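What follows is a set of structures to go through.
Each of the next two complexes has chain A plus one other chain: chain B in the first, chain C in the second.
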Partner chain A sequence: MNAILAIARRELDSYFATPLGWVALTGFVFITGFFFTFFLFQFNQYAVSAGFDPYGGGAVDLNEVLLPMFFGNWMVVLLLMCPAISMRIFAEDIHQRSFELLLSSPVGSGAIVLGKFLGAMGFMAVTFAATLYQPAVLYWLGAPDPGVITGSYLSMLLFSACCISVGMLASAFTRSQVIAFMTTFAILLVLFLLPGLAEGASSDWMQALGEVGMGSHVEDFGKGLLHTRHVVYFVTFIGVCLFATQQRVESFRWR
Partner chain B sequence: MIEVEALTRRYGDFTAIQNVSFSVKRGEVVGFLGPNGAGKSTTMRILSGCIGATAGHARIGGVDVLQKPNEVKRRIGYLPEVPPLYGAMVVEDYVAFAASIKGVAKPAMAASQALERVGLGDVRDRVIDHLSKGFRQRVGLAQALVHEPEVLVLDEPTSGLDPAQRREIRNLLHELAAGERTVILSTHVLAEVEAVCERVVIINRGQIVSTARIDDLAARRHGVRLRVAQLEPGLIAQLESIEGVCGVNRTSTGALEVQADREVRAAVARVAVHAELLELSPMNSLEDAYLELTGSGGSEPAGLDASEPEEDAP
Partner chain C sequence: MQRFTWILGGIGLLAVLAFGAHAATADVWMVQWEVAGGVGAALLFVSLWFDRESIRRYLQSRGAQYSAMAWALIAVAVGVAVAANMLADRYDHRVDMTASQRHALSPQTVQVISSLDVPVEIHAFFLPGVLEGQTLRSLLDGFSEHSAQLSVAFHDPLTEPLVAREFDISSEFGTVVLRAGDDTQRLESRFDEESLVNALIRLTSGADHVVCFTEGHEEIDPDDDTSAVGMGAAVVKLEGQNYTVRKVFPARDGSIPEACEVVVVADPQVDWLPAEREMLATHVARGGSALVLLEPTRTPGLVADLGRYNILMGDDLILEQNPSYQLVGGDASYIVLSGESFDFHPITNPIRGAVLMRVARSVARLDPEMVGVQVQEVAKTSAFAWAETEYDQAPEVTPGRDRLGPVPVMAVAEITDPSIIGVGSTRVTVGAESSRRPVIERSTQEAGGADAESGPSDAVADGATADSDAGVPEFTPKAGGRVVVIGDVDFATNELLDQFNNRDLLLNTLAWMVGEDDQVSIRGAAGSGGRFAMTEAQFLIVSLLSILIAPGLAVMGGVGAWRERRRR
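The block that comes next holds the complex of A and B.
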């Protein structure tokens, strides 16, 4: 257990010891901040014009209109950012040979994978924490539902965890971070778009394929809804990816 | 302490080591010798639990490496050929990290002791990437030592270092080997083996060709190198007529090299003293023995200078 935490801690620290972590964090906060400001002005305009509506449709709900808009956009940013965070997790270790320190230490491959996963998630949590000024502004302006905001943040963490688990698997297969990044991004993009592609299809297997994709499961996330169905989907997804990564790490002993 | 039994490892079709068996007693310092690609690193990586074996057993202190890897890894310190460093980390943090994943109770304290031990006390708060190669090698050693292992497995601990750094590491190895600690180190620098090890295991093309005490190995050959002030024409013939001498060569520097199959130093001295003997020394017989055993004798000793090996940058 201590070893898992030590690995997680080192992993988290490593993001801040190199420019990568700072660039990713700043980039994320900047882009989401841009969306936030943009949607806030748009919402303001919409609310003002709705106020003049003679038929009494005047009440526009911040929770129903504004929040889904910008948390929905978070996912697009995460789709790019998570592969950048996860690409180095194994590739760098393998490339600079530091992986042998882990392999020759009395820690199992499961602990290595879990430790690194927790470290990367720790970084995502820090990044998300840096965006908390956005809900703070909303509280200052209006009365957002704390449930919706908490739910949105949790679902974004779950979505990132999913992306990072895919990225770790890809990273364990190469010593090149660029290849790890591109593979991860390609896989995530397909999974993200799959339901949309499958929508018009009539065949059953296309429909089934659509269910495998993330799209249908992330739709509700933007609204801050955490359905059990979606949570089960994501937890299973993450579990499968981490297990496959662990198998891969174990196989280093046998290659 | 270390028992290796019929160890075989294949990478696909390529057999890296085959039927390798040897053992090392507690407290012994053993050199693992062989040309590049002979299978030294593969054997050491199996011993350290980094990779598995295709067949055979390796036991450390009676515990099988492949069956109980974690128990073995707690008792073993391993320094790979390229030290496994996180370049962006601060020296002290790195060693403390190594200590905590190796299950040391007080990582920070263990790290600072290990750093003092390898003489890195002054650079403990520097970033590893900013250190010289010799220092980085020592950080690697600190990592291998931090959990006070009973066995040290060091893969070419002095490769790529300059002579001064190499001497420092060698002195360090002397200190580390004192007491009950068992050390196995691979190298292709013969001088190092002679300086540090009591016994050598010579491996060639994946197979053990000899395990012998250094003294025994060296005693097989009795070459003598001498230098005289007046090299008279008859001297070489006189030397050749000594019983046991197989041949006399004149080197480009003017010294004479006498090859013999038994102890001839006294007889050579008696003959050479008339030609004003300046210098008489035994030739590096370990090198001969090594070259003979690895089958690279006869041909020129490519890159195998006993004192100054070529740089083998990875």
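The block that comes next holds the complex of A and C.
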């Protein structure tokens, strides 16, 4: 356990020791801040005009209109950010030949994978924490439901965890960070679009394939609903990706 | 030749994969795809055959064995994950994390669903990807959890035309059909919780209840669904819950139709004729129900006649002094009833929130000793309110004249002995302006043994007198009539019906009056709003914070880290 935490801490520190981490953090805070201001302005206009309509009040609820719209755009940003964060996790070590050093240490490949994953997730948590002023602003202006906000943040954290785990798997297969980035982005894009593609299909296979995509599992969290099937999906998705990564890392030992 | 076999193998693999994808998604296999699959398999086989030596060498290597083991383990992990997801999908459980439980079904919905005693099928017809269909699916998932009698099926009307034809589906915008045996109910516009529950009630209750709104005395218009003072919104709710709403004009019709289970007297401006009051009494005496909603100063004759049901309606105006029971921004005439305001009664027991009334008058039990009619005061104000009798002057508590809080604003009467009402035997005397107190005088011989001393006898009658000697048609007295009197009508109007639990108070009252006790509950929660309006200054602050300050702090952090590294 100590080894896992030590690797995680080293990984987390490495993000803040390089420009990549700070650029990613600043970019995320800026883009989400821009979206936040933009959607807040739009919602305000909408709410004010609906205020004069005695029958339009029910539809103007920031929990049902503003927050899903806002966090829906987070996913698009994360589709780009997570590959950028995860591309270097193994590819950099393999490229710099420091991976052999890590493997020669008395730490299991599972601990290495888990430690690096926790480090990357720690960075994502710090990034998300930097946006907490946004819910604070919403509390200042209106009355957001804490369950909806908690669910939305939880879903973004799980979504990021999925993206990072896919990125780690891709990173473990190449020494090129660019290839790792592009591969991860392509896989995530397919997974992101799958539910939309499956919606128009009639066959059960396509419907089942749509369930593999992440978007449909995020939606309910954003409404403040916690479904056990969505939790199981995220846990198993992340688990399978990390396990496959561990198998890949383990393969370096017997090559 | 062997140098190019991997190309053949690659093409073959792609063809086989394409065939597999087609086979998985297509309803009808096409010959071209079968040929492609066959050719692909042949190319793959040829490729493997030519490379068999190198494949054999690879398979015998240590790396291949480890690799095979790794892939096998990964395949097992994927299999476990798929199985876990299938099980989780089948035994899904959801938790509503919202503070207001906005996704939880309302108690009334749960009550209606769990009390289903016949199998009900819900067939939803939506095109794929339609938002309403997705929302409905989530809602019906919650429905299914509460009853094994309920089955839900979603259909695409384009790919399942036979099913669509069976249910006569023509709308492109979604249709929901509820079926129990041969009976069906259709929804074609609204697919929310309330609409579904109402349809379930209509489908399974098997009986229509008739509610009659009186007219001819400038009552609140039940057809008016646009102005603030109408009751059209209430009628829409009632019709959604299996009630048929009619209008009756007793003076013109000559009687209150027997089909009317409940007569609603919604704040008449013009007083009722004595004959009309007899018709109302006849209706109650034969087991019918009456809901009387009256604002202060209205119809002294009708108010006085309520005495025969042992209900005293004060000629006063209730003013609330306790800030906890006042509406923020409203004056003392706004009354918020909640918690201990309600007495234990089927109408008010389920109400956990508040009821908002405006410009109300007191409604109390007249004679605690009276037999044949059981009266209960079910809603009262706080102890800090009082009923101002001199309401045309500056409000001030006058001990001895004004009723002090808690002031009752709603009373229910159940008639156990119809003869106590004394149909056709009542002399109603409108009280003098000085006393503002109705007086009831009742003769005993026609009252069938009723208590002759019911009603106040201490008041002085010096006003106009009206003899109710109208010809009362013969009827069979029946116990069980119910009279509910509320000293306010605003709570049921379009303006206030959806505020707080006003809707629940009205619908619970009517459900109790017609004996539909399983409908007495709290209806689906309306959206809590959550809207706001930003000022220019607020928008500027938010913009600066989001686009400048927060990213700026991140940049400063980066620069600080960079300088720290350089310093080292």
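Here is the rule we go by: the second predicted complex is superposed on the first by the 247 of 255 C-alpha atoms of A that agree within 3 Å, B and C clash if a C-alpha of one lies under 4 Å from a C-alpha of the other, contacts with A are read in each partner's own complex, and residues count from 1 in each chain.
The rule we apply is simple: contacts are C-beta pairs under 8 Å (C-beta built on N, C-alpha and C of every residue); 3 or more make two chains touch, one makes a residue touch a chain.
Keep in mind it's a predicted model, so treat the numbers as computed, not measured.
Partners chain B and chain C, brought together by superposition on chain A, fit side by side with no clash. Of the two partner chains placed by superposition, only chain C is touched by A:236; chain B is not.
In the superposed model, A:80 makes contact with neither chain B nor chain C.
After superposition on the shared chain, chain A has more residues touched by C, the comparison being chain B against chain C. Residue contacts after overlaying the shared chain place A:7 against chain B, while chain C stays out of touching range. Contacts of A:179 after superposition: neither chain B nor chain C is touched. Once the two complexes are laid over each other on the shared chain, residue contacts for A:96 go to chain B alone; chain C is not touched. Touch criterion met: A:226 reaches chain C, while chain B stays clear of it.
Using the contact criterion defined above for the overlaid structures, shared-chain residue A:104 touches chain B, although it does not reach chain C. Angle at the C-alpha centre of chain A formed with the centres of chain B and chain C, after superposition on chain A: 160°, rounded to the nearest 10.
In the superposition on chain A, A:17 contacts both chain B and chain C. Applying the stated contact rule after C-alpha superposition, one finds that A:254 touches each of chain B and chain C. Taking every C-alpha of chain B against every C-alpha of chain C after the fit on chain A, the minimum distance is 5 Å. In the superposition on chain A, the residues of chain A touched by chain B in one structure and by chain C in the other are 17, 254-255.
Across the complex, chain A is touched by residues 24-27, 62-63, 66-67, 70, 73-74, 77-78, 80-81, 84-85, 87-89, 91-100, 102-103, 128-129, 138, 156, 159, 526-534, 538-539, 542-543, 545-547, 550-551, 553-555, 557-558, 561-562, 565 of chain C.
Chain B contributes residues 11, 45, 48-52, 69-71, 73-74, 76, 78, 80, 82-89, 93, 97-98, 100-103, 107, 143 to its touches with chain A in the complex.
Within the complex, the chain A residues that touch chain B are 2-3, 6-7, 9-10, 13-14, 17-18, 96-108, 252-255. Within the complex formed with chain C, the chain A residues making contact are 16-17, 19, 22-23, 25-26, 29-30, 33-34, 36-37, 40-41, 44, 47-48, 50-51, 57-64, 130-131, 133-134, 137, 141-148, 150-151, 196, 199-203, 205-206, 211, 220, 223-229, 231-233, 236-237, 239-240, 243-244, 247-248, 250-251, 254-255.
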